[in-house]
């Protein structure tokens, strides 16, 4: 556990957060601009001399009152919002800088070349850092931090400067950090799609206070969060088992709540249990089974709960598909037209094409506390 | 027209672009990290001493060969990727700096307070720039540039550091720049949602070359672009007329191709003609009219064209709704199951909730060349 | 044996020649260190390793003796300096130096600082004797020592200056231009005294060199530079 | 002991103020050019600006005397133009001080400009600031610490220096006899008591000025990380 | 004319190298402390570091002479420890030069450190670099331009300065008679020809050294915009 209970006061801004971060997997730190995300990371890293309170990393006291363990002894990696490459070194120099200072991690070697190829840094190695584009800079910064083999990665909006394809290329690497290195990640972002793709858990900050925490989907589904938090992306996660593939149509069949569902083909063996994210806005409901529609997934379901959102066109319906809970986002008008009430038997319509690559949630790397077990721990 | 035909050579990178930017509306400059977007902006702004070729802004020659008009005489505003606030001034000082140097724009006053409230800068005014969060910095930078009342705005990923709500708050202001100020905008981004929400036209750069250009939807619909460009967001834009509002259900009715469509309520008077973006993946097709479904918009349509994407699950269908062209994204399996062929009569199913606030395209400020007509032009 | 001898700047050229001659004859080595008289006084007070001092005045050796820094009874006048009015411009000075000093076109007269340099004090006396001191106040510029004064004239910045005659007569490097040797009755003799310092007690080279200074051979050399000897 | 004459102190302060003012302006121009140029001459010019330091002040003063005297090229022009000589005048010691202290102004300014880089100037140009405007309104306040360094080094050095001033100025009371010369004279004439008083006064005075300057700099910090 | 004696030049170079080396190290420590401290003493210490400049070199030399002589506190200690006197020795003129040139090292370094800010040090700490490591491997190369300025000012000033060295060292050939004193003496003793030769040689030599240094700096640029 990384247990913090800290206060930081600026003129006009006051951060006060107590939280226990499990040392495993990826925790997203999510919140609007100016809510204190970067400040919180700086306190954890030991870079903020003005913070008070306690920060404990497993058995180590990193901060107690105003007594702080020096930042460089904490073994945290920090991908800064503004990259902070060393201008006097070229790209390779920046990477080697970190590599030379890394602590050996027995068994799990992950060398210079691996990082270079994973982040596609090869063509940049001989470049001056001043001659990098914004996105290139950020990739180098991520690579540099990886090569230092930290015990805890703090990442401050590392992908904001990257395009979708590059993002897509890097996200899986970040997602695998906890597994590959045993290094837990605290990941600051305001992009909800990054949260949903990467994180196991999330902590929502708002104006210096923690307003929500928990597994990503639980948090996203909470009705009391401001809609801009990502209502549009909100949904539910269902456990599903891969039944088989239809290579001809490039489809994969899954079993969800005893029924069959199809999605664009994924490269996983039959029988694998996956977590499937279903966005509420991609779910329609029908009172009779439609025919001749392109929508391939028509699941029998029961309405559990209906939450109409006043002053808006929308209502959110919680349904059960053979015990698996999903959410549907409809207009209030449709709810009325179809006469939906809790208990109604309905058909849930889910377009197959609505499952993009974000749909499969990484099979959570376990919330187990990693202290002393991860390869990166055990040294001061 | 801003007509450029320029070359810039770095070791290992070569930018060569000829293009004519209409001086009206918003042109998105889109492309992956490192493709040369920032470099191109710098050449237009006159900040790159190493570029060759010509840059002409209306009747003015900004660059001819290596002879360049000094950057400060061009009257361009530039929101830099890294904000570049003046550290010796507080936030108000940064804004006033620009304001004092602005050229008067007769008639269309847009003062300090307007910018401050539009960008929610009030609480930051007395702050040192060093005490701003990443997103706050970027908002100040946008405000500062606005206050200088440029003749052409160059924006380099200005919203990358902003959360969705703030983004949503600022996007409309950026979208209205061409109207309110008569200032055309060239907007660099790698976020396809910003392109679709903001831009009238887009130019796609790839490795220093222009690979596509044109109206946003045409470009996004092009099948030869790499899928990561934003296939997921692709769609079509339909002209629609507002028929009326249903205040009770918070819905707005529109006429599209002679048929009626409902979307979450928008605040526009009856009779207004708008451009409505319909994402291909939100459109399903049916061969018979479904009943008892929550999907409110069921439009009669004809299949015009079917493009199956080899090796994927997907097919893209061009349909006509009373002459208006829309796109639908289905699985290839469904196309086969429904036996769709060009000419098939179908029903297009479009969820009302699929229209978020991005759906309404700003009614393009006309592609007319703004020279001498815009209030910001006419001075050197 | 070797000795370190501190020498006033105006005598440095002569002292060099003398030390060579002395070195050749005695086998001792005399190393010279050059300084202004005031500076040398301060350094000696702080334990400078000088064995002997050839001062530019008589007062400083007296003070040193009073302060107990010297070997008593060894003080003597090794040279008497002479003052000259000099200009590199031959037409500036005719037979009568006073005329040159009252010329309407004269802008600056350089003298050494009378408070610091014996040659300066002498120049002041001479000007007072000529009745020109008050009238020339506007035109007088001062070097801190006679060397700087010489530079001011040599560079042409001051048209005229009171310099050491010895500097004009340097056999290796005779100065051009015009000079007027200031009549000796216009100023008190510029006695330059030498002393054996405590650090030089028992130093054969230092004692020998001081003795050599009084030899006729040395006195000839000294005279050849324009000094008088007693 | 009498109260020491305040004349040399005022003269020194005037000299130091004027020299510092001239050098902050001229040094800025030169440092800015050096920081921005891609000319192949740059290392040569940089080397030349440091050269005045290499010669002993009195010797440099001697050469300046030659150049500035009515027989020299510059002095001739000045004489023709003003009817007065440049040597042994206040104007002359200002020129001498400016020349000698040049590196103390140029070098810190150049270093600061180069460390700041062109980014802020570009940002200002994009807000329609002319290069001059941008320099005044953005670059120089950002370079405040560099200016402070340049000013302190130049000012203090001009107060303390006397070799060049002595030679070029001729130590004329009320015109060119600055405080450093006065103190020097007291030491040379073995009037240590007067030297102590003057030195102590100068040190205390300078210390107070410097503390004030640095404290102000702290209250209005420029660009700090 | 004979070839001038090369001894004083070597002595000057040794003195300048040693002084510069000492000051780059000691100046770094002081400048780093000043750049980072929030102590209320900061403006006082900053003012004190500039003070050596305010006194005329000869006068400063005089006070140093008093302090370093065996009658003074420091000189006493030195004498007891080494059996030699500090005054009129090479060690003594090194101390004098270090003291006098302190501002030329501290001020540009501090200005550069402050302009760079703490960001890079933080980034290095996050890569497990100790503060010392981070300083050596990140801050100092980024501050290259500041070091260059400090080194050039210190080096050139030590070569050219003679007041302090003359007073403390006593112009003893082979021990403390450096080139600047030699040139000064030639001028004072009206041996202008020798002075010209030495001055020209010194200028050319220094110029070449400086051009080389600046050209290297250009080829391996540090942090530029």
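We just call them A, B, C, D and E in the order they show up, numbering each chain from 1.
In the analysis below, a contact is a pair of C-beta atoms (placed from the backbone, for glycine too) under 8 Å apart; a residue touches a chain by one contact, two chains touch by 3 or more.
As the structure is a prediction and not an experimental result, all values here were calculated from the model.
Minimum number of contact steps separating chain B from chain E: 2.
Separation of chain A from chain E in touch steps, taking the shortest path, is 1. With every chain reduced to the mean of its CA atoms, the largest distance from chain E is reached by B.
For this pair, chain B with chain D, the centres built from the Cα atoms lie 55 Å apart.
Annotation: 35 Å between the Cα-based centres of chain C and chain D. If you average the CA atoms of chain D and of chain E, the two centres end up 19 Å from each other. Centres computed as Cα averages put chain A at a distance of 59 Å from chain D. Among the residues of chain D, those in touch with two or more other chains are 58, 62, 119, 181, 184, 187-188, 223-225. Multi-chain contact residues of chain A, defined as those touching 2 or more other chains: 82.
Shared interface positions of chain C, defined as residues touching 2 or more other chains, are 39, 42, 148, 151.
Inter-chain contacts, as defined above, occur between A-B, A-E, B-D, C-D, C-E, D-E. By the touch criterion stated above, chain E contacts chain C in their complex at residues 58, 62, 65-66, 69-71, 85, 87-88, 166-167, 170-173, 177, 185, 187-193.
Note for the complex: chain C touches chain D at residues 36-39, 41-42, 63, 107-108, 110, 113, 115-116, 140-144, 148, 151-152, 155-158. Residue ranges on chain E touching chain D, taken from their complex, read 42-44, 46-48, 50-51, 53-60, 62-63, 103-104, 107-108, 110-112, 114-119, 143, 145-146, 148-149, 152-153, 156-157, 159-163, 180-181, 183-184, 187-188, 195, 199, 202-203, 206-207, 210-211, 213-215, 217-218, 223-225. Against chain A, in their complex, chain B makes its touches with residues 10, 12, 31-34, 37-39, 81-82, 123, 127, 131, 133-136, 139, 156-157, 160-166, 168, 190-192, 226, 228-230, 232, 246, 249-251, 262, 264-265, 281, 284-288, 290-296, 311-314, 328-338, 349, 351-354, 356. Of all the residues in chain D, the ones that touch chain B in their complex are 119-120, 122-131, 133-134, 137-138, 141-142, 144, 222-225.
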